[in-house]
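Right after this note come the structures.
In the two complexes that follow, subunit A is the common piece, with subunit B as its partner first and subunit C second.
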Partner chain A sequence: MATLTGPAAPPLPPTPTATRALAGAGRAVRAGWWRWTIFAIAAVYFLVPLIAALEFSLRGRDGHRTIGAYGKILSEPEFGSALWSSVKLGLMAVAITLALLVPTMTLVHLRFPKLRRVIETITVLPLVIPPVVLAVGVLGAFRTAPQWLIGTPTILGFEYVILALPFAYRALDAGIGAVDLRTLVEASRGLGAGPVTALFRVVLPNLRTAVLSAAVLTLALVLGEFAMASLLLWDTFPSWVVHIGASEADVSVAVSLVALVLTWLLLMVLVTLGGRRGGRAFVGVLTGGTRDE
Partner chain B sequence: MSETVARPAQDVRADATGPGELRPVTVGPTGKGSATGESSGTGGARPGRWSRARADGAARTGLDPRAEAVGIELRDLRRSYGDVTALDGLSVTINPGELVALLGPSGCGKTTALRALAGFERPDSGQILVGGDDISAVPANRRDMGMVFQAYSLFPNLSALDNVAFGLRLRRVNPRARRQRATELLELVGLGHAGRRYPHELSGGQQQRVALARALAIEPRVLLLDEPLSALDAQVRASLRDEIRSLQTRLGITTLFVTHDQEEALSLADRVGVMRAGRLEQLAAPEVVYAWPATPFVAQFVGTVNRLPGRTVAGDLVEVLGQRLPAVQLGDAPASGTAAVDVEVLVRPEAVVVTARATGTAAGAVDPTPQDPTAATRPVPITTTGALGQVRQRTFRGAVTRLRVDLLGLTARGTAVGLDGEPASATIVADIATAQATGLHPGSDVLVTLADRPVLVSDPAAAH
Partner chain C sequence: MSVADAPAASAGAGEADLPGSGPRGVAEWLRGTGRNGFALLGLVPFFAYTVVFLGLPTASVAINAFRTAHGTWTLHNISLSFEGIYRDAFVTSLKVALCTSAIGVVFGGLFAQAVLSTRRNTVLRRVVTTASGVFANFGGVPLAFAFIATLGTTGMVTRMLHALGFDLSSTGFSLFTFSGIVVVYTYFQVPLMVLVITPALEGLRPQWREAAEGLGASAASYWRLVGLPVLAPALLGSFLLLFGSSFAAYATAWALTSGTVPLVPIKIGTLLSGNVITGGENLGKALGFEMIVVIAVAMVGYVLLTRRVSRWLR
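For the complex of A and B:
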């Protein structure tokens, strides 16, 4: 057999595979060209304003560069409270959204598949209804609610749940569609799991990525939402940034950049927690753990 | 012949009570727990049983035959989804420790029956008895049944070991005990080395093995198998099938197996229940279902069957392909009287004799029954009665070769037999020993006769 495969073998003509590989390389080059063009356009679109903002925030009085604007952020009395208020509202919205959507969607998926269309339609509504109507409508609906709810920014948390509904629903729906939830839940029930156990031990761990996407989307939405807070006259981080911008433009821009980095960091933390190894531990902590190893 | 004639119709009832292996359907005084006793426990946990297991410690193995197996009875189950009737008064009795396979075409209600037993479907009416207790109102998570699904059902976020240990964890078995038990069960299904692997790292066959181990880990009273092999390739399917059977025999666990694959059902089950349109057509031992089908549907669904036009003649004889053979009435076929009645004759391919016609010598005789050792040495006389045919297709199947033969007419006695004026069945399928089939090729002229054995006869109207 060695003689057949040894060096004495005559050189082979280009095989169809090789030819195809060459053609493929040509396509890849062309595709690469397009990819780079699109990437460049996107980069310009996103980066130029950022760079301009950074340049503006570093501009001193007499043409010198200074980080004075960044120094002033911390001395602004309401910076911390506004940021903390937004983060609190974001976490609240995430908690309510997930607590509302995950069990509901699981139940609808497993028991009432016909209701899916209805639920889907309802979740699109916040995109269609203007924020003014939403804000005023929610206020009207909560008119008889206790003072701690409508008299504090907490009301915004509920408004944000509504705003985040379309995004969170779609993220979770994709996750539910990606696993055979029915079989998994039935398997767990056959092994002795009740509905609550099945939800925490089977549904949640297997929707980990989807749950995380829903949480990230909701949080990002809250941290950047201005219209609702402004309409309802509550100070959140975005409304404070706009407010500051009226008197101190450089600080406002500096704060915006800081907020961008902070939000990005927060999202990275969430994504890392939801990643492969750490995510299992993270979800394990949340669900009481199902692992023996 | 008369007692044989009566036999198929009685099979359903005779076997439902179980001929030899009937054991009293009783429940042990403790441990197994009645339906009400179970529901009082937390999440189906049975501390008594598992504290015993913990006390035994290492001595406990997954191979312990069950202390007592339970019997199952489905009584007159009905379930419909809108216009579709999935279960139409299904009644099945499974003896303790028995493996019953429900076999039927898709949509016949067999999976619905299994899911009703598991508690995933609520029948509109009827009763489900396990160990004598009606469990209709018990939720699925307290029914104490191990189930293996058709779809891959392992929890993707858990390793194989954790999957097997899942049910034990819910029963609050301590970590060391459940780990040990899960490891034993993985070894039992030949995957002791794969405990740390995740489902996506296992092949389909391995996943179903782990699923089986997971189902057995909770020491269920009943094992439910919902077409667990249908997603696997042929070789894996055959080996896993044999393993399931030997495990089930060793553990002595009452098992319901649902499949649309007749070979699987016939080779695996103690008794096979053939279902059609939500009802049980026949429930009997595989050999009985095959040889003495209760209805034309069973005859056609289980194995291949030739339907030939025939005519009853005096006594219990039927005339088919010019031969007179003893007739066995099938199901609700008209009782044979003295009057000649047109009937349909059902003949298995292995009962069809095909001999080369050109040579016409005794050397060309073909023995149709390789399973029958006496037949191999017996010279087969060439009868003058039979049908002339021409081989149309020849399919090699290993030990046997399947021939499809166009029937051209009868050798003798003139008239071709027809039903309602229609010509005789155009083709016939024959399985003959491959060694005997060497001279028979597409186009060969042949003589087709039937083995001199009783044939099944049914009312032609019922078969269509």
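For the complex of A and C:
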């Protein structure tokens, strides 16, 4: 990615002989052929399910088109409470994630660079432990935990912080790598700022894009998380969608489509924000292979 | 992917933080260690949090996998998890993971190369990159419902094929079985592959290709003798990452089949929610422990291979 001439750099240097130019042209035509075949297959495979979902959600009971399914979303009795429950958990997870990671990562970056590897390894671990297994462990480990922790959805919020760690860490790490945190903090200390002032008035403002993307990724994860919520038996937005799907398939497809579009917009904003500098890092952050939670 | 990007992105930042070598550096360093003990306290919340909410649950799974319901040590759970329906679940999960990762690596790799062979900074490139980021994260419940609307019994494509006189179920395909799971998982595996392999593909120097062509190599022999051997570790690493992501997936399969396809995560969920057999809870932990082992092996392989790749990538 650092190379200036990528494999697809425009073929600027003119080829010296006519034969080579012809051979190049021939290759370009053939390359174009297989390339467009692949694009066509990909377009069909990735777009048809979205179109089909739209078609399905607009299909009325008696055969004619209706947007009734979208109207019904809001009138479903449990929609509001399920969504609100997920939003609350999301905000809780975002708050804890930032409060935990920003000071820790700043401190490690400035004072304990040797511990970086340790912190990084810990944040990758949630990718190795499937949410299903984590849910099993939570039930086993916190069986005798106090009621405020295990008797309310609070426990989900705490565990979502763990699930979001790999993504939040990498988002913040990209931000910390992009600014000279050491100089900034030293300058602020030289001007008489205490550690807390430095954190809130120097570190945070300089990391705002990274903080925003960590927050958005965490929120998106929580709003879509199904495995833990369903196994720990708390009603969140995704478990409500599955629940409603059993009786009213059109509503669940409509809700899924709305959720997808909103997630898409959220992530697009993120990519656009990150695109200005180090777009690749943000795309890397988005690589949530295990996002099927 | 992110795991690989992070060390490369800020490599060198760590070295700059080491104390200087001059007398002033030593003095600073000594003063620093005096305060380091206090500063270390700042790391306590992070470590405490991860120990409680990640360490304790994982330890609970790992320990109870080897214990009976009465608390005595046993290997019974482990041996039980390799018999009957649980062995079938492991076989099915492995087959799904291998199939979808293979499809993901081949098609995602071709797709990424096709995108890279277009001109730079085109709209197409930007759309594919951002869309890959979104689609790789588009697992779970919404994905399952989108496919039910597509290939389900009254899905759009099913009905269109029916109108053309083609009965989809006559081919043996059903969205709610193994074949359906493979089709649906491919939806997030291919974009994941595009994201993971693009840096490696970008690292292939155009000079290598020019040199090969100068020596008379055709496009096919360039890929066979230069491109693919160079990419081999990256491709294998991506395969392992995709394998892990598909092996751990739960929500998509559950929303799609309501738990009728025997996959390991689904079996663990069933054991957890309903007491199917007595002592089932610790059997679930044995299955969970085995899942962790399988994914850990895949991820360690992935990290080692990407480290190898990053050596020539920069």
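Couple of notes before you dig in:
Please note the rule applied: the second predicted complex is superposed on the first by the 204 of 293 C-alpha atoms of A that agree within 3 Å, B and C clash if a C-alpha of one lies under 4 Å from a C-alpha of the other, contacts with A are read in each partner's own complex, and residues count from 1 in each chain.
Throughout what follows, a residue touches a chain if its C-beta (ideal position, glycine included) is under 8 Å from a C-beta of that chain, and two chains touch if they have at least 3 such contacts.
This one's a predicted model, so the numbers in the text were calculated from it and none came from an experiment.
Touching more residues of subunit A than its counterpart among subunit B and subunit C is C.
In the overlay built on the shared chain, the residue A:206 is in contact with subunit B alone; subunit C does not reach it. In the superposition on chain A, A:139 makes contact with subunit C only, not with subunit B. By the document's definition of touching, neither partner reaches A:164: not subunit B, not subunit C. When the two structures are aligned on the shared chain, A:231 is found in touch with subunit C, with no touch to subunit B. By the touch criterion stated above, A:216 is placed in contact with neither subunit B nor subunit C.
By the touch criterion defined above, A:69 lies against neither subunit B nor subunit C after alignment on the C-alpha atoms of chain A.
Contacts of A:194 after superposition on the shared chain: subunit B is touched, whereas subunit C is not. Residues 280, 290-293 of subunit A lie at the contact with subunit B in one complex and at the contact with subunit C in the other. Of all residues in subunit C, only 1-7, 9-10, 13-14, 16-18, 32, 36, 39-40, 42-43, 45-46, 49-50, 53-54, 56-61, 64, 107, 110-111, 114, 116-120, 129-143, 145-150, 155-157, 186-188, 190, 192, 195-196, 199, 201-206, 209, 219, 241-242, 244-245, 247-252, 254-255, 265, 268-269, 272-273, 281, 284-285, 288-289, 291-292, 295-296, 299, 313-314 touch subunit A in the complex they form.
If you check the complex, the residues on subunit B that touch subunit A are 43-45, 118-120, 139-147, 149, 151-159, 161-162, 165-167, 169-171, 175, 178-179, 182, 196, 211, 214-215, 218, 224. Taken together, the subunit A residues at the contact with subunit C in this complex read 1-3, 5-10, 27, 30-31, 34-35, 38-39, 41-42, 45-46, 48-53, 55-57, 96, 100-101, 103-104, 107-116, 119-120, 122, 124-142, 158-159, 161-162, 165-167, 169-170, 173-174, 176-177, 182, 220, 224-227, 230-231, 233, 238, 241-242, 245, 249, 252-253, 256-257, 259-260, 263-264, 267-268, 271, 278-281, 283-293. On the subunit A side of its complex with subunit B, the touching residues are 179-180, 183-184, 186-194, 197, 201-202, 205-206, 208, 280, 290-293.
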